[in-house]
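Got a structure for you, written out below as C-alpha cells; questions coming shortly.
Going by the order they are written in, the chains are A, B, C, D, E and F; count residues from 1 in each one.
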C-alpha cells in the first residue's frame, strides 16, 4: 500500500538524485530504502529531511546505536509500521544485540503502561519535578 | 488536577506501605512521588507495577541512564505530562547532561517528523526489512 | 487554560440554550460542565454533539456504567485530560466502585503494554483472526 | 510483515515452551497466536507478559467479556492492528454479539470525537471533577 | 485484513442500502468504498456517520479541498492507514495538486516535530494565548 | 509546569539571541513565546527548528491561514496543549474567523471518529486508493 509509488533512480529529478547519491555515500551502500524513494516526489522535502537527519543522527554525545534505539522507541509509540521496520534494521546494523532488543522492548512496554496509568489517573506533577 | 488524591503514609494500607518501603530502600531516599501515592489506592496494582518496574529498570545489557532516556522518549511520544516530568528528573539523576538532553530531544523531534511522513504517505515496507 | 472561555447561560445564544436545557432535563441536574459551555460558541456543533451523545450513551445492549468505562478507557488512551476527569465522574455516578475502577485501570495498563509490544514488533495477524 | 518471525514449538526454548503450555491449558486449545510466538524470542518478557495478563484478565469484579471490550477499545485508540484483530476475536469468543460490537464501536467513535474536541479546545476541567 | 468483511449491495439490509444510494447520489459515482460497506453491518451507525459527514464536509466557510486536506492531516496524525488512503484520494479529486500535497506533508511533519518538542519539554502556555 | 524554564533575553547565548532577533523581525513584534525561550537552552536545536519553520510556513501554494489551521489540526490530534494554544492564536492572527474555527473543529471531530472506526474495524484499503 502507498499513496505515492517509490521512484526509481531513472524517475527522480536531478535534484532528488543528488540527495540519493549523498545517502549512498554516507551509508556506504547502493541500497536506497522506500522512504527516500517516496519523498523524492518532493525534492525540497527530501533534501530538508535528509539534511536534518544527517545532523541529528551524526556524531554527538550519545552512542549511534543508542540514538537508533530511541528512534525505534518513538516510532513504536507513534505506531509507525514503516519506521519500526527500518529503525529495527538500523539499530541492528549498529550493533544492537537480541538481548538489548529485548530490553528495549521491555522498557517500551513498561513506559507505555505507566504512561497509560498516569494519563488515566491524571496524577498531579510533584513540585520537585518542575523547573524553578 | 487528579481523579484520585495522592495518599499520605498515614492513609495507605499496610500492603501498600510495604511497597512504599521497598521503593524508599531501592532509591535510597525518603521521598515518594505522586505516581506511587495515587496507585496506592489499589495495592495490588501498586505491587504489580513496582515489581515489574524494578526488574525492567534494574541491571541488564543497557546503561541505566539510556533506559531512562528511552522511557522519557516514549513518554513524550505518548504525551504523558506526568511521566515526562518524572523521567526527565530520573534521567538527570542518572547522569544525563544538558547536551545529552538536547540530543535526545533532537532525536525525538526527528523521529516524530519522519513517523508522520511515513504514516501520511503509507510507505510500503522494503522487503529487506522484513523477517524471513 | 482554554482557547475559548466557557459561556454562562446569559452569554449563550437561544439555540445553544435550548441544548443546555435538554442536557439539564436528561441528566436531572442544573449543573452544566465546561465541555458544553465551550461548545456553545458554535451552536450547530453543540447540537450535533449532544444529539449523537444522547443516542450513543442511551439505552442499548450494554450496561450504562460499562459504556462510561469504555469511554474512559478510550479517553485515557487518547490522553484527553478533560475527558478522563469528566468520564471518571460519570462512571462513578453510574455506580463504578473503587474496585471496578482499579480493575479498569489494570486492563488499560495491560492493553497499553501489549499494544506497544505488538506495534514495536509488528506482529503478523494470525489468519484465523481475519474476516473470511 | 514482522521484525522477528513467530517461533514454532520446535524453535522455542524450554523456558518459553513452559509458558506456551500454560497458555494452552488456560485457554483449553492447542492454538497459540503469533503474539506469544514472537515474544518467545525473549522468554523473560514472554513470562512476565503472560503472568500479568492471566491476573488482569482473570476473575475479578468486571465481566470477562466487558474486560475484552475495554481491551479492544484501548487497542483501537492506540491504533494497534494486531491487537484489534486478536481482541475482537477474544471478545466474540466470550460472547460479544454483533449488536454489542456495534454499540462498542459507537462508543469508541463518540469518545474519539469528544476527546478531539476537548483537546482542540483545551477545555478547563470543572472544579467538581477534581479530587479534593 | 479486517474484522468484518465489506458487504456487497446484495448482502446489506434495506436500511443500509438506502444510505449507500444517498452516498452514490451525493458523489455522483456508483463506486462505494469499503469504509461504508463495512459500517453497513450496523445500519444505525452507518446512517449516523454518513449524515454527519455530509453536513461537516458540505458547504461552509472553508474550501472543500482545504477540508479534505485537514481531514488527511488528522488521519495521518492518528496513524489511520485506511483514512490516509481514502482522504488523499478525496483531496486529489477536489483539486489538490502534487505541490500542495508536498506542502501539506511539510506542514504535517513540522507540526509533528514541534508537538513532540513541546510535549517533551512540557512548555508552559504563555498567558496571552489563554482565553480571558 | 516545565522541565526547563523559559530563558529571558539576558539569559540566552549570543547564538540563541540571533535566532530570537530573526523571529522578532519576521513576526514584526517584540514578543517571543515560551516555545522559543525554552528551545534556547539548545541553540543548535533552536536554530534548526526556526529555520525549517520559516521555510515551511513561508510563501507557497497554500494560504498562510490554511497552513495554520492544518498545523492546529495536527496539534489537536497529537494532544499537544501548548501547540493548540499557540497555533489557535496564530490562525486567528492570520484571519481565521469564529465560523471557520467552528468548521475546523467539526472536521477534526469528524476525522477523529472515522479514524477510530477504521482502526477499530481494520478496514481493508480499496484497490483504487493505492498507488499503481
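Here is the rule we use: a residue touches a chain if its C-beta (ideal position, glycine included) is under 8 Å from a C-beta of that chain, and two chains touch if they have at least 3 such contacts.
Quick caveat: nothing in here was measured; it's all calculated off a predicted structure.
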Separation of chain C from chain D in touching-chain steps, minimised, is 1
Matching B-F in over half of the residue-numbered contact pairs, the equivalent interface among D-E, C-E or C-D is D-E
Larger contact count among D-E and D-F belongs to D-F
Interface of copies chain B and chain D: same or different residues on the two sides (over or under half shared)? same
Whole-Å distance, C-alpha centre of chain B to that of chain C, is 26
The distance between the C-alpha centres of chain A and chain F, rounded to whole Å, is 21
Check: chain E positions touching at least 2 other chains come out as 1-4, 45, 48-49, 52, 73-74, 76-81, 84-85, 88, 105-106, 108-117, 119, 121-122, 125, 129-130
Listed in rising order, chain B residues that touch chain A in their complex are 1-4, 6, 31, 33-35, 38-39, 45, 49, 52-53, 56-57, 60-62, 66-67, 69-71, 73-83, 85-89, 97, 99-100, 103-104, 106-119, 121-126, 128-130
Residue positions on chain B within touch of chain F in the complex are 79, 81, 84-85, 88, 98, 101-102, 105-106, 109, 116
Per the touch rule, the chain C residues reaching chain E in their complex are 1-5, 48, 52, 55, 125, 129-132
Within the complex, chain B is touched by chain F residues 1, 3, 41-42, 44-45, 48-49, 74, 78-80
Listed in rising order, the residues of chain E that touch chain B in the complex are 72-73, 76-77, 79, 81, 84-85, 105, 108-117, 119-122
